[in-house]
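Take a look at the structures listed below.
In the two complexes that follow, chain A is the common piece, with chain B as its partner first and chain C second.
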Partner chain A sequence: MPLIILSSNSKEEEKEIAKKLLQVKGYGGVDPGILSEVEAKYHIDTGKLAETLEQTPSFFEKMMSGKWQYRLACIEAEVIERLMKDNTVCWGLAAHLYVVGISHALKVRIIHANQTRIENIVEQQGIPVQRAQKWLDTENQRRKKWSLAAFNRDETDPSEYDLVINLDQIDLNEAVLTINGAASYRKFQPITYSMKSLSDLALSAKVRTTLLKSMQDIRVQTIDGTVLVFTKAFKQKKIEKIKEIKDLAGKIEGVRGVEVHVTNNLFGDISGNANS
Partner chain B sequence: MEEKKLKIMVIDDENIVGKRLKPALEKTGDIVETFEDGEKALARFNESPFDIVVTDIRMEKIDGIEILEQINAKSPHTKVIIITGYATVEVAREALSKGAFDFIAKPFKPGDLREIIKRASKELRA
Partner chain C sequence: MAIITISRGSFSMGKSVAEKVAEKLNYGIISREVLLDASNHYNIPEIKLEKAIHDAPGILERYSHKKQEYISYIRSALVDKVVNDNIIYHGLAGHLLLKGISHVLKVRITANMESRISYVMKRDGISAHDAHALILENDNQRRKWTHSLYGQDPWDSSLYDLTIRIDKLSIDDAVNFICQTAKTDGFTTTEKSLQKIKDMALACHVKAALVHDFPDIGVTSEYGNVLIYLKPKDHVTSKLSKRLDEIRHRKGTIYNLEVHAGIPIPEDAV
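Our next item is the complex of A and B:
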């Protein structure tokens, strides 16, 4: 059975739909509650993890510290591990941005029209329409910026999803029925290809988490257990870095082989940091 | 009682695929016929249906999705397994929608395919 991944600009309704889907389908749920388990496993404060899912660091902060990417990788690794089990509804963890290339993952975006959101903001915050409009524009930009910075995908782009439901037109119970119906399409059933892809994605996430603990600028792709790592290094440190990556990644269960592709860290070379 | 032997058809325009898969699949005692030409494979199927068809997608004269549709129309109980070196989410979903039993990306180990055939055979015998 498929994985159902929900994303929304209305968190309360996203949660309500998820809970109803769990009841209807008898699936397991993966929700922000797992952040406490990420905390236990990686020793990162839950509040910091929740903040990671919301706030984008500045360019300078990202350059100087890989902690944000590391925290994202820890969340991603934990979520994907849980998605290895079928029959799961996942929400509130940005999985729609990193569970990619999995044919049995049904990605659903639940939205309200901007006009409705503005009316809600006016009512909740007691501010004029113009200010509510501005607040909403900023909020939409913030989410777009975050998703691009975190996973290089724009979560506000409808083409990222298999199904987009407008709650102004389709009510909550109808939305549950619609998602349930779509999830029963044969095309969303797990197959050998999609299960292997998910297993490769899980291994990539584990490797990335391990490497980002002590390194920055790491991209990982796994093909049938063989891990490809893409990174940057100063010319003089290339061999050392390749060895370090192979040692760390090679120890992870399920890794059959490691290939490391290193490009020059031009910024470091030019600024004379090569020997630092 | 001895189980009935399965009739398995392998269609791939790369000669090496059939050559490698035939002995691997025959290990379980099943009958395997290989084809490089999809049209010839369909003609053979029309003469005598197979229980399981393993087909590549990208082939010159006729592609695997068309083979899948024709086989499903003629023999709905036949399990069609798609193998491809150009796997994408879209192609996998299309194949499943059109009735494929399973879909696997190349390269794969013969053991992976045997596992799928084992499941297909279980369904056929259920």
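Our next item is the complex of A and C:
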């Protein structure tokens, strides 16, 4: 039951490869279609969720409002829950950035070289090469900035993936065969430990979503059902915050225990006050 | 069949991958031999060539053009070695020096930092801290080198056809992927791609013959018609004319040789 996670700088081909893998493997797919279910569960407009996966708020917006982080956490929680269910191909939901440390997850990035992308832009939009180049540079920077702001990982860094396939000369069907072949390797078969790690990741995402609804600057790690929460608070409100976190997280199904680690942060507190 | 270049981060098992691919496909394999050939042919000490292709240019070197000169020699030796196909090059910068040839499969092998550190610790008997510092220094040199000479980042995966991380995927898995991909239509040597690499070899010879005195020139070749591009403000001097006459006589494969001044040097010029 391996898990294949795709990322790409060419969305259409990413989708096509995912669909072909679904046919070949008979797997289930987790794609941006699930955003409507995130909407139903968390009452956030699908359009807003799709925008969250694309746009990075300014530093000021991020500091003053935790809504962007909250929306990301909602998507993450829903995606990871689905990844636990069965053989899955996941694409278009940035899972490569938050499904980390899961040995049965095969991460593949599908790309085209910049030169090819520029040629495509020139052909499709009828604009000069220099403008296409500038547009592409901005686009590449935008994606890099987004992935760093959202999950502190650079999605253009090849070391984030097991395989990066450039479709300039490699046929799309060949890429499907290669991915399919890799997914069948023993290393990508789930084992008890990797399933437990995924289950811990799912619980972390659930806890984080619950906490981010009413507070900011939350990091969560789960080890065997014990949840560690790392946050910042104003000195006088430290005890109050620890209690609030323990109350909220403790009610979540599957949580065996909660440890809260608070560090002092004046700016975090100011923004927290502004948000409340 | 194909030419395969295997680039890797330092201590990322790229050499082992290259050796196994060569064995499986029954291809030739080269790396340092290119430097030896260039050293013999152009009478430059190998150490200087190695330094040129490994270390980023210093401030003074950027103005002296020595590094570009040495790289022209290395490139010429490399293209001569691979022009007959079915070969793997796992030395430095193959993906850049053989850019534009369709039957060249460009592979990048990466490994996670932990396994690179553990490899260096074992090999050199040094601490994890020192091993980490050594790897970072090596990576940094590669970045600077590629950036200063080609304006690109070696970690940019769009420079390669396939980037494989040796971690969950083993060396043998990587070998399988590379062999499988090398046999696909996209990397089959065609009459056109073979002609292109022969033209590249000729252009490299001409460039290598001129680069010492004329470091800023660009050279292209198409079916033996060689075009030499000068920088906009440069003129055809008597020294250049004399050198071109010598080259014409020496290289029987040149049908025509023209010099263009004042127009931009094409991207595919060597």
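Structure notes:
Methods note: the second predicted complex is superposed on the first by the 267 of 276 C-alpha atoms of A that agree within 3 Å, B and C clash if a C-alpha of one lies under 4 Å from a C-alpha of the other, contacts with A are read in each partner's own complex, and residues count from 1 in each chain.
Simple rule for what comes next: a residue touches a chain if its C-beta (ideal position, glycine included) is under 8 Å from a C-beta of that chain, and two chains touch if they have at least 3 such contacts.
A quick note: this is a predicted structure, and the numbers were derived from the prediction, not measured.
Look at chain A after the overlay: chain B and chain C fit there side by side.
When the two complexes are overlaid on their common chain A, residue A:90 makes contact with neither chain B nor chain C. Annotation for chain A, partner touching more residues between chain B and chain C: C. In the superposition on chain A, contact is made by A:185 with both chain B and chain C.
Looking at the shared chain after the overlay, A:158 reaches chain C, while chain B stays out of its contact range. After overlaying the two complexes on the shared chain, residue contacts for A:101 are found with chain B alone; chain C is out of touch.
Contacts of A:193 after superposition: chain B is touched, whereas chain C is not reached. Once the two complexes are laid over each other on the shared chain, residue contacts for A:80 go to neither chain B nor chain C.
Closest CA pair between chain B and chain C after superposition: 5 Å apart.
Across the superposed pair, chain B and chain C both touch chain A at residues 103, 185, 187-188. Here chain A touches chain B in the complex through residues 101-103, 185-189, 191-194, 196, 224, going by the rule given at the top. Those residues of chain C that touch chain A in the shared complex are 102, 105, 108, 110, 112, 155-165, 167-170, 173, 176-177, 180-181, 184-187. Every residue of chain A that touches chain C in the complex is listed here, in rising order: 103, 106, 109, 111-114, 156-159, 161-166, 168-171, 174, 177-178, 181-182, 185, 187-188.
The touching residues of chain B, when paired with chain A in their complex, are 87, 89, 92-94, 96-97, 99, 102-105, 107, 112, 115-116.
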